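Comments concern the structure below.
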Amino acid sequence: MIIYEAKNWFGALKHFHTSYSIQVLLKRVGYVSVYGILLTLIDQHVADIHVPFDGTLFSLLGITLSLLLVFRTNTAYDRFWEGRRQWGLLVNYSRNLAVLLDALLPDEAVTNRIFFARMLSNFALALKGHLRTGVDFAELEETGNDELKTLPDYTHIPSRLAALLMRRFQALRQDGLVNDADLITVRLYHQALLDITGSCERIKKTPIPFSYSFFIKLFITLYVLLIPLVLVSNYGYFGILATTLAAYALIGIEMIGDEIEEPFGLDCNDLPLNQIAQTIRRNVHEILRVEPSTIVQPKQEVDYIKVN
Amino acid sequence: MIIYEAKNWFGALKHFHTSYSIQVLLKRVGYVSVYGILLTLIDQHVADIHVPFDGTLFSLLGITLSLLLVFRTNTAYDRFWEGRRQWGLLVNYSRNLAVLLDALLPDEAVTNRIFFARMLSNFALALKGHLRTGVDFAELEETGNDELKTLPDYTHIPSRLAALLMRRFQALRQDGLVNDADLITVRLYHQALLDITGSCERIKKTPIPFSYSFFIKLFITLYVLLIPLVLVSNYGYFGILATTLAAYALIGIEMIGDEIEEPFGLDCNDLPLNQIAQTIRRNVHEILRVEPSTIVQPKQEVDYIKVN
Amino acid sequence: MIIYEAKNWFGALKHFHTSYSIQVLLKRVGYVSVYGILLTLIDQHVADIHVPFDGTLFSLLGITLSLLLVFRTNTAYDRFWEGRRQWGLLVNYSRNLAVLLDALLPDEAVTNRIFFARMLSNFALALKGHLRTGVDFAELEETGNDELKTLPDYTHIPSRLAALLMRRFQALRQDGLVNDADLITVRLYHQALLDITGSCERIKKTPIPFSYSFFIKLFITLYVLLIPLVLVSNYGYFGILATTLAAYALIGIEMIGDEIEEPFGLDCNDLPLNQIAQTIRRNVHEILRVEPSTIVQPKQEVDYIKVN
Amino acid sequence: MIIYEAKNWFGALKHFHTSYSIQVLLKRVGYVSVYGILLTLIDQHVADIHVPFDGTLFSLLGITLSLLLVFRTNTAYDRFWEGRRQWGLLVNYSRNLAVLLDALLPDEAVTNRIFFARMLSNFALALKGHLRTGVDFAELEETGNDELKTLPDYTHIPSRLAALLMRRFQALRQDGLVNDADLITVRLYHQALLDITGSCERIKKTPIPFSYSFFIKLFITLYVLLIPLVLVSNYGYFGILATTLAAYALIGIEMIGDEIEEPFGLDCNDLPLNQIAQTIRRNVHEILRVEPSTIVQPKQEVDYIKVN
Amino acid sequence: MIIYEAKNWFGALKHFHTSYSIQVLLKRVGYVSVYGILLTLIDQHVADIHVPFDGTLFSLLGITLSLLLVFRTNTAYDRFWEGRRQWGLLVNYSRNLAVLLDALLPDEAVTNRIFFARMLSNFALALKGHLRTGVDFAELEETGNDELKTLPDYTHIPSRLAALLMRRFQALRQDGLVNDADLITVRLYHQALLDITGSCERIKKTPIPFSYSFFIKLFITLYVLLIPLVLVSNYGYFGILATTLAAYALIGIEMIGDEIEEPFGLDCNDLPLNQIAQTIRRNVHEILRVEPSTIVQPKQEVDYIKVN
C-alpha cells in the first residue's frame, strides 16, 4: 500500500511513478496514442478512413460503458475494503483474546503467556503467507512444544494453528485456569480466526465472474479502437488528444479495478498485511506483558512510500 | 467457474470461447447484425425506411435503459456474491466445528472423529446436490450407523443430516464427552448449517421479479429493433456496425445478469460448489486427524479452465 | 410470484399477460399514445402546437428523472428482497428449532413433538395472514390444549403464538426435559420469530415517504405530457412512437416499483408466503418425525405460473 | 408520516397539499418562475441578456448535479430507513422481553407484570420525547415505586429508565424468580434499548456534513439562476416553462432530502413515533396480560392522513 | 463538525466562510478562473488557441468523471458515517456497561463505581487522542490505583485501558460481586471497546487506494485545464464563467471527499470526538450515580458553530 497525503493535490500528482499500475496504465495509453497517430497520418496523407458512426449512439455506448466501469469499480473497491475489514477484525480479535487471557492467567503463568503471545502472532504471519505465496515457516516462533516442527505436514496451516490454540484452551480448563463460562467467550473470539481466514480465501479465490471481466475488456477494446476512426477526419491531429484522454479514463478505471479486487498480493495498492501482522505481534506481546523475542521496528510511515 | 488471470488483458480476450454465455451472446448479436444488414439492403435498394425518431429522446431512453441494466447487474452480482459468501460460511463453520470437536474429543475417540469428519463432508456434498439436480447418495460416506440408508426416505436431506449431527452432539453429552457450556458453542456453529441451506434456497428460488425481467427484456428488444431503423438512411452500411456494438452492449449485460443471478448451477460462471465441498472434506479430515477413505485430488487451478 | 425461466428471452416476452401489472402498464401506455395521436392530429390539421422546449434541458431533466427512478427501483427492490430474506429466516429458524427439539426430546415424547410441529407451522401461517388480510384461524391446527380457542381474543396473533411457545419451553424445563443451557440456545432461536414479525410489519407499514412518491409521479406526469408537445411539429406521426416508448419506460419503472415495494400482498410479483409457510410445515413435521394431519401437496413449479 | 396508497397514481397527485414540504417546494419553484418571467420581460423589451454558456458543458454540469442529488437522496433515505429500522427493533425487543418475562413470571406476579408492562411502554414514550422536544413526564405511568418522581433530576432519561429496568431484573434474581441463565438472555434483549437510543441520537445529531449541504445548495442556486439567462434569447417565453420544471426537479430533490434525513421530528414525512410507541404499549400489556390503565385508540389508518 | 440547520437554504449559503474546505475550494476555483481569463485574453488579443476537441467525447468524458466522483463521494461518506457509527457504538456500550454495573454493584460500592465511571470516561478520551495527535494524559482521571502513572510506558493506550478494565472485572469475580454468568455479558460489552478502536484505526490508516486518488486528481486536472481551451474561441469571455462553474463542481466534490474520508481529525467537517467523549463521561457518571470530579459544560449547540 502506498501511504500518501490525500489533501495534497500536487504532491499526489508528482508521485505518479510510485504506483506501478499507474505506470503500466500510462504505457498502455501510449500505445493507443501511437495507434491514433498512425491512423491520423494515414487519413491525412494516404486515404480518408473516417467512419460515420452515429454521434448520439457513440455517446450513449460510452455512457453505458462508464456505468459498467463504475459497477466494476464498486465491486473491486468493496473487495478491497472487505479484505481490509477482515484484517481489521484479526487485529481486534487478537487484542481481545490477549486482553481476556491477560485477566484470566495469573501474572506468573509465564509459559502460557508466551505461548499465546507467540501463537497469536504466528497466526497473523501464517495467514499473510497463506494468502500470498505460502507460509514462511522461518517467520513463525516456537511456542514451547515443538508444535511448529510438524506444521509443514499440514496442507492448511491456519486451521492447524487454530486447532493448536483450541487444544491449549482445553488444557487450561483441565488445569483449572479457565472455567466453562470463560470458555464460552474464549471460543467466540477464537472462532473469528477461521472466519477471517475463510473470508480472505473467498475474496482471493473468487474474482468477478469471467463473463463480466471479458465483456468489459472487449467493450473497452472495441470502443477505444473506434474513437480515432470516428474522429479522425473532422478533428485531425486534435483527435489524438481526445483518443488519448478517453483511453486514459476507460483503461485506467478497468486496470485499477483489476489491481485492487485481489488486495492480498504485493502490488502497490495491496493491503500492508505484513505491517498489520507486525502490529498484532507488538500489541499482543504488550498486552500479555511478554517481551517479544525479536523486535521488528514498525516502518516509518513516510508519505508516498510503499509498505507491504 | 472459469479461473482466469484478471490483469492479463489480451489473455482474457483470447479465451472468449471458454465462456458458454459469451458464445451465445455473440450468436445473438450476429442475428441482430443480420437484421441490420437486411434493413440496410432494403433501404438502399428497395425503399427508404428511415424512421425520424427524435435523437435526444432516443439517447435519453438509451441512458434510462443503461441505468436499468446497471441496476440489474448489481442485483445479479449481489446474488452471486451472496451465494459465494454462504458457501464461504459453510467452509468457516465446518472448520470451526472440526477444530472445536478436535479439542473436545480425546485423541483415541476415533469412531466419533470419523463420524464428524464424514458427516460434515456429507453435509457439504448433499447441499451441493440439493441446490443442483438432487443429492447424489453415492457421493456420501457411511458414518457407521447405517444412518445414510434411510436418507432417501426424507424429502429435505440437509435438514435430516443436520438433525443427525445434533442427535450425535446430544449423545456425546450423555457420554460425558461434552458438557452444557460446550454445547452452547457447538449449537451456535451447528445452526449455521441450516442458515446457509436456507439462504442458498432463497437465492435459488427467488429470482428478480418477473415484471422487471420482462420489462427489461422488452425494452431491450424494442430498442435494438429500433436502432437500424433510425440510423439506416443517414449512415448506410456503417449503421450496421453501430447496431452490432449496441446490441453487444445491451444484450450482453442482460444475459450475463441472467446467468449469474442463480450461481449454483453448472454454467461457466457458476460457483465451483463441488470444489468447495471437496475443500471442506479435506480440511475437516485433516483437522480431526482422520484419514479420508478416498482421496479426491484438487483440480489444478490452471488459467482459463472451468471448475465446478 | 410468477415462476419463470430467466434465460429464455422469447419465452418471457410471450408471457406478458401473466403479470397483471404489465397489463396495467400497457393500458396506461395506451392512454399516452392516444394523447399523443390527438395532439399530432391537431398539430397536423388544426393548429401548430409545437413548444420550443430547449433540447439540452429536456434531455437533462430526463436523465435526472431516470436517476430518480433508479433510486426508486433500488429501494423498492431492497424492500422486496428484505421481505424475502425475513421469510427465509423464518424457514431457517423453524428448522433450527425443530432440529434442536428433535435432539432434546426423547423419541417417545409424542405430545410435545406434535405440539412443536404444529405450533411452528401455525406461526408461519398466522404471520402470512397477519401480513395479508388477517389470520385465517381455520388454517391453524389445534396443538392439544385448546390454546387456539382463545386466540381470536388477541389483537396481535403472532405475539400470542410466540408467548405460547415460550411458555411451553418453560414447562419443558420444569419437566426436566431441557435445562438452563439448552434454554439459552432455544430462546435465541425463538427470538427470531418476533424479530421477523416486526421486520415484515415495518416493510408493510412504511412505504417510501409520500413526498418522494408524489414528487416522482408528478415529475413523470409532467414529463410525459410534455414529450409530444415538444416533438410534434418536427417528427409528426413518428413522435407518437417516441412518446409511447418513453411512456413505457418511465411509467413502467415507477409502476413496478410501486408493486414490489410491499411484497406481502397477492399481486403477481409478491412473495409466495403461502408456499413458504407450507414448506415450513412439511419440514418441521419431517424433522420432528411427526405425521402431518393433512397433506398439502406443493404446487408443481411450472414455468410462468403464479404461486402465492 | 402521511399514509397513502402507492398504486393510486391520480389519488396521489390530488393530495399534494397534504405534504407541507411539497407546498414549500411549489412556493420556491414559483419564485424561480417569477425570476424567469422578469428576465424574459427584460430580454424581450429592454435589452438582450442572453449568456452564450456552452450547451454541452451546461448539460454536463446538470448531470453532475443530478448524480450528486441522487447521492444526497440515497443518504437521506438511508437515514430515514435506519431510523425506522431502529424503532422496528424497539418494537421487536419490547415484545421479546415481554414474551420472555411472561414465561418466567408466574401468572400471579401481578406487581411485576404491571411494572414491566408500564416500564417498557414508558421507555418507548420517553425515547419519543427525547428525540423530539423533550420527554413529557405526564405521558409516563407510575410503576409502583415512586421511581418516576425523581426522573426529572436526570439529564438522560432513557438511560435512567434502562437502569431502573436492569435493577429490577437484579431484584428478580434475588427473589429467585429468574436465574443466571435467564439473565443472559434478558440482558441481551435489554441491551437493545440503549443501542436503539444511541443509534437514533446519532442519526439526529449528525446530519450530512455541512460542506456537502452547502456545496449542493450553492450548486443548485447557481445552476437555476443560470438557466433562464442561457435560454431566454432562443426560447423566449417558453424558456420560463423549462426553467420552472428544472427548478421543480432540482430544488425538490434537495428539499425532500433535507426533510427526511432527520426522521424523528413532526414533519409530514417524519416517522410516526407516537403511533409506534402506542403499538408497543398495547402489545406488551397484551403479552404480559395486564390491563392498560388508559386505552389510546389506534388512529384509523385512513389514506392521505398524517399520523405522528 | 459544523452544526447547521439543514432546511434553511439561505442561512446555509451565508455561512460559507464557516467551512475551511469551502474556503480553500473557492480559492482553487479562483486560480482556475485566472487561468481561464489569461487564456481568453491571449485568444482574443494574441493568437487563436482553440482546440477542436470533439464535443460528444468531451461531454462523455465529463460524465465518466462525474460517475467516478460520485463513487469517490460515496466511499468518503461511507467512511465518515462508519466512523460516526463506531463512536455511536462507544456511547452505547459505555452506557450499557454502566447500566449493568450499576445493577450488579451494591449502592455502597463507591470505590468500584468511581473506578468504572472514570475508566469508561478515560477510554473515550484516550481513544479520541489516539485517533488524533496522541493521548493527552492530563485529560485522564486517576482511578485509584496509580494505574495511570505507568500508562505512558505503553505504546497502545486503548489496549492497556481495556486490559485494566478486564482485570478489574476479574477482581470483582474474586470478590464475589459478579459471577460467571454476569461475566459472559460483561465481556460481550467490553469486547466492543477494542472492536471500536480497531475499526477507527482501520478507517484512519487505510484511505482510498493511491491509484484511485491519483487517477481522479489527474483526470480532473487535465479536464479542467482543457475546458477553456475547448470553449475559448466560440464563447469568448463567457467561457470563463463556464470554466469556473465546472471547476467548482469537479474540484469541490473531490476536495470534500478528501476531507471527510478521514473523519477523526480537527477539520471543520470532522466528527466532534471530544463532544462525544464528554457525553459518555456525563452519562456513565450519572448512570453509576457518581459525581464527576470536574464538570465540563456541553457546548451550546448554536447553529453554524464548529464543535470538535
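First chain written, first letter: the chains are A, B, C, D and E, and each begins at residue 1.
What we mean here is this: a contact is a pair of C-beta atoms (placed from the backbone, for glycine too) under 8 Å apart; a residue touches a chain by one contact, two chains touch by 3 or more.
Everything numeric here is computed off the predicted structure, so don't read it as measured data.
J.: Using the contact definition given at the top, which chains are in touch with both subunit C and subunit E?
T.: D
J.: Count of steps on the shortest touching-chain route from subunit B to subunit E?
T.: The fewest touching-chain steps linking subunit B to subunit E number 2.
J.: Overlay subunit C and subunit D by their C-alpha atoms and let me know the rotation angle in degrees, rounded to the nearest 5.
T.: Nearest-5 rotation angle for the superposition: 70 degrees.
J.: Quick one: subunit B and subunit D, Cα centre-to-centre, how many Å?
T.: Measuring from centre to centre gives 39 Å for this pair.
J.: Measure off the straight-line distance from the CA centroid of subunit D to the CA centroid of subunit E, and report it in whole Å.
T.: 24
J.: What residues in subunit C touch two or more of the other chains?
T.: Each of 58-59, 63, 67, 70, 180-181, 184, 259 in subunit C touches at least two other chains.
J.: Thinking of each chain as a vertex joined to the chains it touches, would you call that graph a line, ring, star, complete, or other?
T.: It is a ring, because the chains touch in a row that closes back on itself.
J.: Reading round the ring, first subunit A, next subunit B, what is the order of all the chains?
T.: Order of chains in the ring, subunit A then subunit B onward: A, B, C, D, E.
J.: Using the touch rule from the top, collect the residues of subunit E that touch subunit A in their complex.
T.: Touch residues, subunit E against subunit A: 51-54, 56-61, 63-65, 67-68, 70-71, 75, 154-156, 159-160, 162-163, 166-167, 169-170, 180-181, 183-184, 187-188, 191, 194-195, 197-199, 201-202, 206-215, 217-219, 221-223, 226, 255, 258-259, 261-262.
J.: Name, in rising order, each residue of subunit B that touches subunit A in their complex.
T.: 1-2, 4, 6-7, 9, 12-13, 15-16, 18-19, 21-22, 25, 55, 58-59, 62-63, 66-67, 69-70, 73-74, 77, 80-81, 84-85, 88-89, 91-92, 95-96, 98-100, 102-104, 179-182, 184-185, 189, 227, 231, 234-236, 238-239, 241-242, 245-246, 248-250, 252-253, 256, 259-260, 268-269, 271, 282-283, 286-287
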